[in-house]
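Multiple structures are listed underneath, in structure tokens.
Two complexes, one shared chain (subunit A), two partners (subunit B, subunit C).
Here is the complex of A and B:
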């Protein structure tokens, strides 16, 4: 989006903006040819013919229809029935399940818990990931090793991460024993015992596991910032926070979009930690929608009611990620 | 590039301290693999210097849940990949090389699957698999994973195909080779970096997944390594030493894969995410 880089009332970075604007016009020109090329390239490959083309997409489409799209449609239709695994017959009950959910305190708490945890999970790994990326962006051997360390939790199983943190968070766990042995016994507490602590602990675990991923996405974005832009900024005395605010932040906008949307989805489907570390406790404080659908569906076998919850979850995730993409795309700039 | 003054000089030291705090849980998980259970309880953070032992790993490897789980996870991961990689590569070829409304809609249709939480479709999936007599079988889990991760494959492959020259298609077509032959002999080998990324990332996700095998395989019928750990620690209350041994064995394959194929992880996770 040309011109977005230019912000009025900021003469500190004036020269940078001129350079930025120049490269933007180049980008627009390049973009034009790229579009023309893409349009031409859009034209059919001679390797595909009318009767062979569907053969390429067919098998994947069938599998996807059968085990992703059909289940989604079925979830919608189950949500209008009183289907229960234990009874062979089910009947149409209209919007009854949704009406039930309005007065279902467990469900309403699950929605609230999901909203709080997701909001924190969208913000914390995102912000810390950007900080880590800025901290470790230099190409030295030491920093390469440190970058690897931050990425290790990303590849570990959620189950493994849950048990490692459980060993740390329980009353006689590592965190409390370390606090005791360094004379900070006053800070010892039940990290999973009160609702706030439990939610905070789950968010901390999620942050620990996903911050490395966010950092890697930001590092890729930082690497793509042209050096001449940063050098020009430096010549102008545009350094420190001004440089971050005016140059780096706008240019890592696509990375912000990616991380935000992925963390949003991650937050809504969070299951392993709340199942293993707290099992939804204490008193439902960490019983999020994902875990509640699991319990209602597979412990109480109430497929109809659980499906209504699944549909609500889907509507929220689809709506929010669309809004997030649209809002965040608006502030993305081209270099 | 310069940094803020307060950071500039001590940047490396600061980064090392932050990383050390971050790595503390990893350190904890690693040192306790090699300590006897009572030493873990007494000194969880100590290095296993005088009481180094490999008996935790050995006894974890003896657990039938672990042996069975590792085998099942391997079968399911490999099976899902064998199904999902060719199918998504071919579908990506269609949506990025065939110019029609249907192809564009199909692309959107696949992309939409990227944001679908598994819990939304899990209940009906079990009903469908039950009808197909695939519930509580390897095939059920494999088909579920292959279908669920297809959008990711289509996304990465179609992003990569944009950079593959179309003249190669033409050359193959002129030689009179069949469409499939041109695809498998010429196009697919060219997509090797994308294939590597898709394989590495999908393998990671299927190996680490907990919810689907828990429901579709059903604990009573079979365990993967993740549900195996869950049962071993949660239900059979093994000792602390064994617990760390089990987690070590479960993580070893992904860590090895990660250390050797690091660039494919990063390009798969970020390239897949940044393109489009």
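Here is the complex of A and C:
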């Protein structure tokens, strides 16, 4: 029991009494607050306790339903009609829009263009991002600055990036000017003149913007690898590419999954670059699915058909993302 | 403990009550002051170009508001030159503006979205072509200005150096191109990139001249499926275009140049000829060139000269506007105010089509040459046919919605070496689909 009774005047005893008294006061206060909480819990109705968590999650859920789920349902419903943006009436046509897509050469070309661009966008920023992360993972001031420089494009708006690169990629733009001035005039090209060049330019712009993001994700994954593991591998003679293949590559698998899936989704949804830099040209060579949906819906007014294309795009993205996650997760290992 | 809980509840109740009271008071004050001001705000969807920057529109708004203190105008600039796409986005999101600038009328009239001016209102306009752009007998815009699309602007220094005369026949035009090419210059400037219409404007001009020039109702007939793009008369035009491309008469970087870049190349003296609408004659465009600029009509393959003219107003009024009178006032102000029209003539080389309008002085010489060409009367000795602009038209004789992008795609594909026949079939296929989608 605190505060043992001892003879007064003894310093030790006095300290004991004071400490004991303070302890007793603290215990009394703790008991007081515990009693208060218990009393409040008893007063609170069971319903209120049950609805507290949903209440906090409610606003976010409502926003998600209104801005994501509802448009998806609307798009699905419009895809089953011949809705025209500028016509007051529309009627149910079943799967007719989807049937039309099977023979729509422009849509098929858009799918092909999207597939090529996405494949390149998934691979290039991923590979380059890993390379940059491996090079810049040391904690030096210079590398910290370089990491920041690589990340800057990620924070720029796609529209801004598109306008800047559109000006740079013209035949008399900055790219060709710089190549000419450093003696590489032979490399000067019409970067947007031909289908291959235009697709390559769009992919290059996307790579430039997203390589920093991939590098940051890989840097985090590399930091999570225990140093002892790498040191042990070094002691055992596992160095260089062998160390990368056997130690680092398996352990950054989660980062590979994240980057691959995000770049997959980004590639399929690409719109601002193609709209601003090439507007789908030359000759429809960069007319991808996102731009085609926009053109069909807002230029040709065929909202039902555009919605069908949007549903197809959603299905492809959802399907491929799911498959990618499942396949890539299999190679994830834990230390 | 009970005192503490009770005091806290009272405190919270007091804060909530105060907040509610303050909000109600603020709302009441806003509503009261709004009633006191009696202002309306109307929304005007417009667009920006190098000739018509934001300052041009803001100046109009400032002068309009000064004359109409009870009306406020909110500008809604279209993000790109595709005003129709932006207008349709606004429509889809329930934000259709009160006044819209330079849209394709027939796209919106099916849904009764545009206000049709009454005959009594039309009588007050004083315009030279009161029925231009009419749709099914109704007038949705005030046709206050005309554009010829395209004319061919040329570098007089290059022509003088090579002793070239202005061509008046297609054969002469080809000879001029050949000579210019032989001298090391590029004969014709076209564009592309994000402004895909810049790939098509010259081919569209050839179409207007040699297809509509022979049969002005060709587009109407196409809507009735009586003619097709694969017909010989159209194939001849597209093959001639392909011939120009194959001969190397276009700038090699065309497909990577946007409109501004294409114009700059001509102003830099890289190309000798620049086919463009009459807006190019403004001081901010070729009117400001360091060299002398001349202008001529695109020669037809055969027969009398043809001029593709687009006469229309720009401002149309939403029939669903909550402030219809205010919106009509703004549309009339833009269309008929003399100072606004003078600014349009100066900035955009607008060929104003209102009665009694006098061309402002001090404009570039090429503007007056352009106006003289446009105003030329047809005579027996010098016949001249006015036809519609193929892809830039409003009214009953316009293309079906959505075809503009396909015309540009076809033009670019031919430049890339694809066969003319394949592109003509492509146009027919897309026309049929677009016609079906739009009823």
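Please note the rule applied: the second predicted complex is superposed on the first by the 284 of 335 C-alpha atoms of A that agree within 3 Å, B and C clash if a C-alpha of one lies under 4 Å from a C-alpha of the other, contacts with A are read in each partner's own complex, and residues count from 1 in each chain.
Convention: a contact is a pair of C-beta atoms (placed from the backbone, for glycine too) under 8 Å apart; a residue touches a chain by one contact, two chains touch by 3 or more.
Computed from a predicted structure; not experimentally measured.
Contacts of A:216 after superposition: subunit B is touched, whereas subunit C is not reached. By the document's definition of touching, neither partner reaches A:249: not subunit B, not subunit C. In the superposition on chain A, A:86 makes contact with subunit C only, while subunit B stays out of contact range.
Residue contacts after overlaying the shared chain place A:298 against subunit B and subunit C alike.
Of the two partner chains placed around the shared chain by superposition, subunit B is the only one that A:150 touches, whereas subunit C remains out of contact.
Look at A:190: by the touch rule set out above, it reaches subunit C but stays clear of subunit B. Number of subunit A residues touched is higher for B, counting subunit B against subunit C.
Residue contacts after overlaying the shared chain place A:276 against subunit B and subunit C alike. Look at A:98: by the touch rule set out above, it reaches neither subunit B nor subunit C.
Comparing which residues of subunit A touch subunit B with which touch subunit C, the overlap comprises 275-276, 294, 297-298, 303.
Residue ranges on subunit A touching subunit C, taken from their complex, read 32, 36, 82, 84-88, 104-106, 166, 169-172, 190-195, 198, 275-284, 294-303, 305.
Touching subunit A in their complex are the following residues of subunit B: 1-2, 4-5, 7, 11-12, 14-16, 18-19, 22-23, 25-26, 28-29, 44-45, 83, 87-88, 90-91, 93-95, 97-99, 103, 106, 109-110, 113, 115-125, 127-128, 143-144, 146-148, 150-151, 154, 162, 166, 169-170, 172-174, 178-180, 182-183, 204, 207-208, 210-211, 215, 225-226, 229-230, 233-234, 240, 243, 247, 250-251, 254-255, 257-258, 262, 265-266, 269-270, 273-274.
Those residues of subunit A whose C-beta lies close enough to touch subunit B in the complex are 38, 41-49, 52-57, 59-61, 63-64, 66-72, 74-75, 78, 132, 135-138, 140, 142-143, 146, 148-160, 163-165, 167-168, 174, 177-178, 208, 211, 213, 216-217, 220, 230, 234, 239-241, 254-255, 258, 261-262, 265, 268-269, 271-272, 275-276, 289-290, 293-294, 297-298, 303, 306-307, 310-311, 313-314, 317-318, 321. Touching subunit A in their complex are the following residues of subunit C: 1, 80, 82, 84-85, 88-89, 91-92, 107-108, 110-113, 192-196, 199, 252-258, 261, 265, 401-402, 404-405, 408-409, 412-413, 415-416, 418, 426, 429-430, 433-434, 437-439.
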